[in-house]
């Protein structure tokens, strides 16, 4: 039995609050059970020097947690003077994933900065962040098109992310915090609505897993991403 | 005329969402017009070394803004490796103000950490943070008492904070961002419900002000704090 | 009785040594009792990028203490890699205060950097620094005028700063270290010779003070600033 | 055709120089074509505080490149004050992978620190580092057993790592630098000699890949790891 | 001709103001021409952990310049977050030199921290700092003896330091700033009153010097140190 | 008797592996007994801003040790965020020494960056680094000439460096680690093949040494540098 009684292949309840941040060009508060992540997309016309004159744009991401997003308070990273290794890994992952679904030439010489700030953390914050960040990015691109800044929407693929893991030998979809901390293997999948593979990160914590176990996790993830993409589409439809 | 049509002595609409952060011992999302600050109070039984064996507790505060709380995106402070001078001033101010309304001996040898995170910024974030932080602190102390950890509520005074400024020679209460950036003088007052003075910080930006102008700002602040304290009391009553 | 037998409304003996630093465009060693602060003003024609093309100048300040300015040795701030929150607050206060008494357009596109280095600390270093910094700034502006770099002296107001506090219920002017550490309330006032208000910072340490107490502190400060401005004028007269 | 004429499923020539660092408890210079990584294992009996009293040990890793390991000189990371995000990701990956093949209880309360320093870089440094680090770790554990410090060798699995990628639609094993920089998809696999999965990290750079492409990369990696494990075994045999 | 008309083997006028810092256990403001360095010695009974239980003490030094000690203002090192390489070299040199003239066992388990702060810089600040630091250290040790903390004065040798350099082929003693910046070779000597060698640091800036030139610099330094030691002795005598 | 049975005036066996780093414009792995330092020279045509338009080049150096170059593992300096004082002193020494043997105008507006990375440390790493760095620099300059980038070799002097010290009252050449840690006095000499003096750094650790002892160290160093220069010449001859 899972802590909240879900089936092993079930997602937690998902909800997207579009336009949560009124000043951002695109934003979405994603709620996946008790994991809440605020994702904003900021369009920056002042591109960084290395981007200039290349006729293409860039998408990058930052990630952080509010100190009391967690059961126990977490120290602010500014206190230690730099983002932790975990934070850097996550922001690199979000940025790479989003760049795989956008045509940077069609975006033009501008940068979109994605901020993912975790207001409440109950496991799966990085995958929730990617799922919400895609909506923020998409909204910002639609805004750019509506404003007449660009002619075509540069986002060429829809994507979402989900975690899966093995607990007591059982493969489970979308681990919450209590499951995550005891999982033997933890995996994150970023996949497209059309079944394409964007990122796979699987880690056996204590001992290696078999090929069959890896395949089971992958199958769960495909199922989860499909459901998340449906929910994203509904949220986008409600935006207009 | 003020941007939103308010009288010069009127506050923006105020709303307190108590218990916004489910994991924190006390929390409050304060909304003062378009300024939204999430305040949490975390009880830490593992006191810092310098506090041990003194038979008293401590209250300290941290403050930050989400990057896209502002009209233009602001860089995260972790990027530059340390909190800015402005941030440090604000967190010192919040901590000092709260320590003036609590009996640290009655709190016992434990620390309460206040986190004020600005989700949306439209001027007056530091005073909104203090007003909300008092509610978070009060809630955490009530929780400590309800849990039987302490016998009496150590909070001996109710306080709130508000800004006032001079624009075009006119004294105005509770400046929003558009007013704040053109104000000739900016002042912040932390006062108690009973009329006590906790902190006064007045700054003439371009040229000195007269004693009369200073007194007018102080009078506005007293009026504003009184209204904020009433709203706090209502929010606390609704908590139980 | 105060430690040195002064009346509650009396300043410590004050002395200004003009031109203490031979290389600086303006300088003053201010001695207020056993508090000694070296203030220098450095004219920098190479303005920072954000200032260029705006037809106006800038005044900024830095503050530090020698490690053995204090009774117990204090760690150098470079050891911890950044100025403390206290230091940043003080340098921001000094800079703001000075900018309120100078016409930045009349200064032209150049920067004046004020350095306040505490050689000996016996309480009230920040207010002594402001009082001395005004003399250093004024001297540098007179030098600029004498050199023919600018036509008119851009300093349009004379200012000084002083502390006041409440000890055992009594309001006292110009606290020395032994008083400062036991004061219930500590306040700093930056006022002009003409009675204008530039900065007020009042902090109740343990419990709020009454409006009457606040007014008493303000009255003491006016008296102190008036005496300090007289001493400044004498020092300036002696300069020529 | 690949730059060096290899088949798409062929590794570069591999060579392990065991005991390269005379002072280390275990060491190996791994050469995979023109990629040379020096891996050392240092046994530290002074365990970190968080490890004490738990009856188990720890394995952690650090990774760096000499400035002129690369075609163009790379800045030292100490110059910017912290390891880059890339470096932190790699050292976390190495540490996690090694901890999945060792019984930390059997290791006892001691720490083994793995250092992977790239002397020459021609692509695939992180996977070469893992492959060499396993040999350094294994050597240090055998040394601990030979010295009588521990009774049984705590390393319960043999592992190696290899990269694979897609270039011009073709799946290739063990990319060198010239291939790596143009690859559409880059994947790293850490697998055991017995076929177990320890880590999978696959990243589609520009656009998502199909499930079939992902499977092709995985198949290549299995083949490559098998060959690397054979070479490791031979190197270990030659050690005694 | 030298800038101030001195002979090539002449020191600048030297003056020691003993007890300049009233709070320090030992202090001296050394003036060597226009180079003024404030040296303080602080006794710290709370020794660092690595010193405990070894039955001996330690002497260490820190060095800094006030921003406007120089003709052009110098940035504070705290601004860049760490002492420069030059500063670290100088403080290591001062500390090493002083440790060579003191019996650390006779000092007992306590630390003496030397602070050398340059108030005015006209060349030769590091050697002036050593010469003044010896007086501060000696004073602090005499104070420890007078207070009855230690039985015997642990300072077993008297030392001073001086610079010498080659300009236009001529060897000169005690370079001032205008000479220092054009010198072909710059050397610093720390020698004892009895002719012992404590530190020699000679650097040929543009091209190597001959053995004869090196010997000439050494001879000048011996002469200079002898005169400085005489002046130190006179200052010490005047102290009592 | 010395640890390895050498005479007091004998060097350890010396070996230079030219071209160790295939990507560098010049490189040399210098082995002096068990001290192994990899020295590379990187030509950088993108000169730093302060160098531009002056018609001359620059040579600078960096130095580091691999963590397990030493008997006990040493922490990486990136972990503490900055190079240690010792490291900065060494890199400044290497850079200064090399600049004294090269005509920076003849080098043209380009920079040569020397990297000295210690693979194995058994005492004398800084002097070995200088000796090897000269070979790397010379190789890079010959490469620049062979490539036709410059017309004449700008290196106008050959230099090498060696340590000497006093142990038990005996002067010894080229100390290894076991000797270095017990030496009463430690000195490093950078001299040219023609007998010129480039750098002298002598430090009496516990007590001053006599002039005669200093002269004995200098004489040993001359002998050692002469032998090292012969070995350098042989290595350079073998290069062509």
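A, B, C, D, E and F label the chains in the order they appear, each numbered from 1.
In this section, contacts are C-beta pairs under 8 Å (C-beta built on N, C-alpha and C of every residue); 3 or more make two chains touch, one makes a residue touch a chain.
Small disclaimer: the values here were computed from a predicted structure and weren't measured.
Fewest steps needed to get from subunit D to subunit E, stepping only to touching chains, is 2. Among the remaining chains, none touches subunit A as well as subunit B. Shared contact partners of subunit B and subunit C are absent; no chain touches both.
A straight line joining the Cα centres of subunit D and subunit F is 33 Å long. Averaging C-alpha coordinates per chain places the centre of subunit A 51 Å away from that of subunit F.
Our note on geometry: subunit E versus subunit F, Cα centroid distance of 28 Å, whole angstroms.
Within subunit A, contacts with two or more other chains are made by residues 81-83. The touch graph of these protein chains is a ring, one cycle where each chain has exactly two neighbours.
Starting from subunit D and moving next to subunit F, the ring of contacting chains follows the order D, F, E, C, B, A. Chain contact summary for the complex, subunit C toward subunit E: residues 21-24, 27, 34, 38, 40, 42, 44, 62, 64, 66-71, 73, 76-78, 81-83, 113, 115, 117, 119-120. Across the complex, subunit D is touched by residues 82-83, 85, 88-89, 91-92, 96, 99-101, 156-157, 159, 187, 191-192, 194-211, 213-214 of subunit A.
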